[in-house]
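In what follows, structures are represented as structure tokens.
You will see subunit A twice below: alongside subunit B first, and alongside subunit C after that.
Then we have the complex of A and B:
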């Protein structure tokens, strides 16, 4: 065996602290949560009696959890496309070399820099349906614009529920998709566009046959990032709506928090956390494998 | 010239990292509200007895009358024990929603405060009393508290044969508040039973007045109001039995309570999902709704709005029954200043302490010998009822946190879906899971 070189030793020594910290505080704790989810630990006092998958069985029988799963699927299914579409359209508009592009870019990107709690509180007010006496926020705006028939209960209406949260979340994260797409659009070689035009493509055709295919990797990575944000949704819901009427705005992360820290039912809480991890893994792991293969090939 | 952002990969990578960091930070913000520790005006350190100059009190009283009441007790304490530095470790959040999580973490981590607020009764089970708390039997005997607290209250406070907390105030949960003007204008009297309630409600509805104010935006109001309906349906003993296993949740009277509750909702303001309890109370103040069933912190709300046109009665079917919501202080094992903590608990249970705290908080004394001239009309009548009625625990005092959470979730879902059979099955299941029902 070759003696390790000095460089190698130094790099190992520099990497070691973060490897150890991540091993303990990320993977170690994931393993501990997994273990806790198989025990009977349902009060402040730890009880590591092994009960197998009983916590998971009970969990799937709880109506609130079933509703949560439906909500998070609805949320993710709306949130990702909305962010991508709005983000792409904004990026295309900004790509037209408009005057004051920097200003607009900042304006659209800033919501992302705001804490989800601030977003939640602001949208809680704006989407407050108002009492019988008068409309507030967006409802008042609709009234004023003569669109009173569009007024509704927003997050207080169980039929809308989580979709009202999508509005706030989409407002916050569309700018992120825009920045990703803008970077992508700028990297599409002008020669390709011109070649397409010479071949007789209209402006739409250029986007459809040249630009969009080249942007596919960006769409993919934006969707993955947005997806994991969606599946871990917590702060926005807590500050904006809470669980909502009939749990219509509830999400697994909120249920996990209440189960663990309000009900002191640590085993059940850990089971919810593990299922959330599985959900995110279903999204992220195929992407990682895909990227890894590309890197190996390259 | 073509203007470009930085190289696409660099920017994309940066944004991806930023988004992840954003998600991670966002997730943590609301879970642990930082403890607001504001050391109260400190006496010169020199005069403090060596070794124990401090007293750290943990509560969720951070605003309004509650905080004023707590400060009034601090003043009494400082007058009695000069030189002790009081650390007010209060965590904001209604009904202790955030404070409980923080406290559980502190206890489990071996960093307990000297004394902490808890709802009197079995809420101490949240904190595994056998492991983390000190029984207070000696203190009760020395202070003679078994003579000044009502018997029913004493039995609510006991767990495993010991006292674990000292009640400082009493709120009542089963009160029907009504707008006097509306009742007088329509020649109505406050309903005594649920049959009366629906007759009154029909009469009001026919006049175009919202009969029943309700707000369940906070998530806990559904289950809380339902306790009053359960009481009306099962009576004091039947209701208490639900929490001890003597009454099964499969009992037909529980189904009847669910039916009643469902019917009540049809008389409520349509926007109840957008209102919290104070929004519902405001409907009474504004004369937009006639009746409101809620705890008597609503009294404090009416007073703070300068509204005097309200009347009160026991919730329908519950006269002679007093649904107790009581705040208490408990003593953790390993408190750093045990003597000061002991002195604080003595004050919390004392006449002087309770007379300082309760008029400000808008509650009544847990003792039955407080000077009634300090209190308003409602509080006087509540104190009279408290001394004579059958006392029953609110859920926080009756069950362990795992069960309460399950119960609250079932009722919240029921209010939205209205499926009586499913709700009853789920309530029984929650009781079975808690190990109380078979």
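Then we have the complex of A and C:
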């Protein structure tokens, strides 16, 4: 009977380093950032004088931060549905027993394997609008295809701003939704589709009434993951556009970076970070609760 | 007669649908490959040839000059090449991926096969680490790394990537080991095998697929990371390639063709892994979605 207790101790010893590290570097650090956001630490010299919510009040009064909040909401609101819709359509196409399925799937998914910095550098070059006289990049391509009316200033036009970044981000991440949906489609029992057809449903009806409802959990978890990626948007913006004209492509993560590590206003930076955490929590926590409730029931 | 006509028209409509399906797939494939085409074509051009207006045209000859300059740098213009940063990224991503896979394997083993009261809650606490915006830990992270004398160094980057890799690697291994039948473990216990013995002789030998998935996933994420790289390293000679590429692209003295060649160099290792071992990459992707 001594063996189980010894093994129990060994199991806890194996886990201990990770538990300590997660406790300190995730939870402890979040608590530290939360506390720092309530202090006067606005230079390289730490100053932990408690100032309450002053940094948050100031933050919401800064025009750049107001623009950032609008931008990240716009970005997330476009990025999630675009990735889901494009991903779903590609998955349905691939699910039609096509030749070269593996090749197509690999092509749609490869952008996920490269760095957002590479994506940013490539799309900055492609979406450079050029001058009035000579169209560049994608604009030149649109001219050539006789779609000149679609030409515009992309990320250099403050009216488009962050929406131009959605194109690059969608290019990089829609393959993820495709892979999720394809796995989901493959798990829909063929008999269910057959039964619906026998009941007189057309191909579209089968998707509408049988397949889509079964894919709902996948849509939900893909949307959450994509949303979390969107709210943390950083590297792509830095490498593609920077803050942009009138902060039209700026995001909270970039503002946090510049406030903290360029301007050394640590308390203000911590406040931005905590608000980012709240935004992500609003998205993820209900989902986690939902997931675990299901797991417990199962 | 009517039957024959109907059959033919059905065949006709089927082939129209097939044409539409392939047409849509090919258009989509062209869209996804467009940036690669631009990177390649621009990277292969000489400076005289490269201009935004002609970015879609093929180069006149195969010139590797831009790649050489992106790799080795140009002293006259005062920019160092990406070769050193490429090496930095390798020195960072390989050990970090190995260490975090090993840690994840041991954690996953305990969480899957040696449950204790509260172990599920603890596992959930680990998983939350997958979702947090890293901005919320950056300030204390920099302070702590400075205190540990790891700030601004490659070992510092390895440490950071191992720490924040724990949630995903633990998740992948825990889900993998959960599929191993409990009877196997129980039988080994009855034979007197210890916890470590069971890991060493039963689970570790069958863990190769999970290790491949985790190593590929971690190597790719760490190689592609920009945020930790830019926060933890400020001196160019220790920066990983993503940070160096961003600096290169933000510099006005470096021509477009060299920037594009640099981007391809930065993308190459993970792209090669993806081409060779793509199916393992997809499994890592699925594991990250909390689906077993």
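Criterion: the second predicted complex is superposed on the first by the 290 of 298 C-alpha atoms of A that agree within 3 Å, B and C clash if a C-alpha of one lies under 4 Å from a C-alpha of the other, contacts with A are read in each partner's own complex, and residues count from 1 in each chain.
We adopt the following convention: a residue touches a chain if its C-beta (ideal position, glycine included) is under 8 Å from a C-beta of that chain, and two chains touch if they have at least 3 such contacts.
The structure presented is a predicted model; accordingly, all values stated were derived computationally and were not measured.
Asks: In the superposed arrangement, does A:43 touch subunit B (first), subunit C (second), both or neither?
Replies: The answer is first: A:43 touches subunit B but not subunit C.
Asks: Regarding the shared-chain residue A:227, is it in contact with subunit B (first), subunit C (second), both, or neither?
Replies: The answer is neither, since A:227 touches no partner chain.
Asks: Name the chain, either subunit B or subunit C, that contacts more residues of subunit A.
Replies: It is C that touches the greater number of subunit A residues.
Asks: Have a look at where A:245 lands relative to subunit B and subunit C in the superposition and call it first, second, both or neither.
Replies: first
Asks: Using the superposition on chain A described above, determine whether A:141 touches subunit B (first), subunit C (second), both, or neither.
Replies: Touch partner of A:141: subunit C, not subunit B.
Asks: Who does A:161 touch here: subunit B (first), subunit C (second), both, or neither?
Replies: In the superposition, A:161 contacts neither subunit B nor subunit C.
Asks: Using the superposition on chain A described above, determine whether A:87 touches subunit B (first), subunit C (second), both, or neither.
Replies: neither
Asks: Considering only the touch criterion stated at the top, classify A:116 as touching first (subunit B), second (subunit C), both, or neither.
Replies: Both partners, subunit B and subunit C.
Asks: For A:180, decide between first (touching subunit B), second (touching subunit C), both and neither.
Replies: The answer is both, since A:180 touches subunit B and subunit C.
Asks: Taking the superposition as given, does A:32 touch the first partner, subunit B, the second, subunit C, both, or neither?
Replies: Second partner only.
Asks: By the touch definition above, which subunit A residues appear in both interfaces, subunit B in one complex and subunit C in the other?
Replies: On subunit A, the residues that contact subunit B in one structure and subunit C in the other are 112-113, 115-117, 128, 130, 176, 179-180, 183, 221, 225, 228, 232, 234-235, 238-239, 253, 257, 261.
Asks: Show me the residue ranges of subunit A that touch subunit C in the complex, using the header's touch definition.
Replies: 3, 6-8, 10-12, 14-15, 17-19, 21-22, 25-30, 32-33, 36, 89-90, 93-94, 96, 98, 104, 106-126, 128, 130, 134-137, 140-141, 144, 171, 175-176, 179-180, 183, 221-222, 225, 228, 231-232, 234-235, 238-239, 252-253, 256-257, 260-261, 266, 269-270, 272-274, 276-277, 280, 284, 288, 291-292
Asks: Can you name the residues of subunit B that touch subunit A in the complex?
Replies: 2-8, 11-12, 15-16, 18-20, 22-23, 25-31, 97, 100-101, 104, 107-108, 125-128, 131-132, 216-219, 269-271, 273-275, 279, 283, 288, 400-402, 404-406, 409, 412-413, 415-417, 422, 426, 433
Asks: Considering only the defined contacts, which subunit C positions touch subunit A in the complex?
Replies: 21-22, 24-25, 28-29, 31-35, 38-39, 42, 52-53, 55-56, 103, 106-107, 109-111, 114, 116, 122, 124-129, 131-142, 144, 163-164, 166-167, 170, 189, 192, 194-196, 220, 223-227, 230-231, 242-243, 245-246, 249, 256, 259-260, 262-264, 266-267, 270-271, 273-275, 278, 281-282, 285-286, 288-291
Asks: What part of subunit A is in contact with subunit B in the complex they form?
Replies: 42-45, 58, 62-64, 67, 97, 101, 112-113, 115-117, 128-133, 153, 156-158, 173, 176, 179-180, 182-184, 186-187, 190, 218, 221, 225-226, 228-229, 232, 234-236, 238-239, 242-248, 253, 257-259, 261-265
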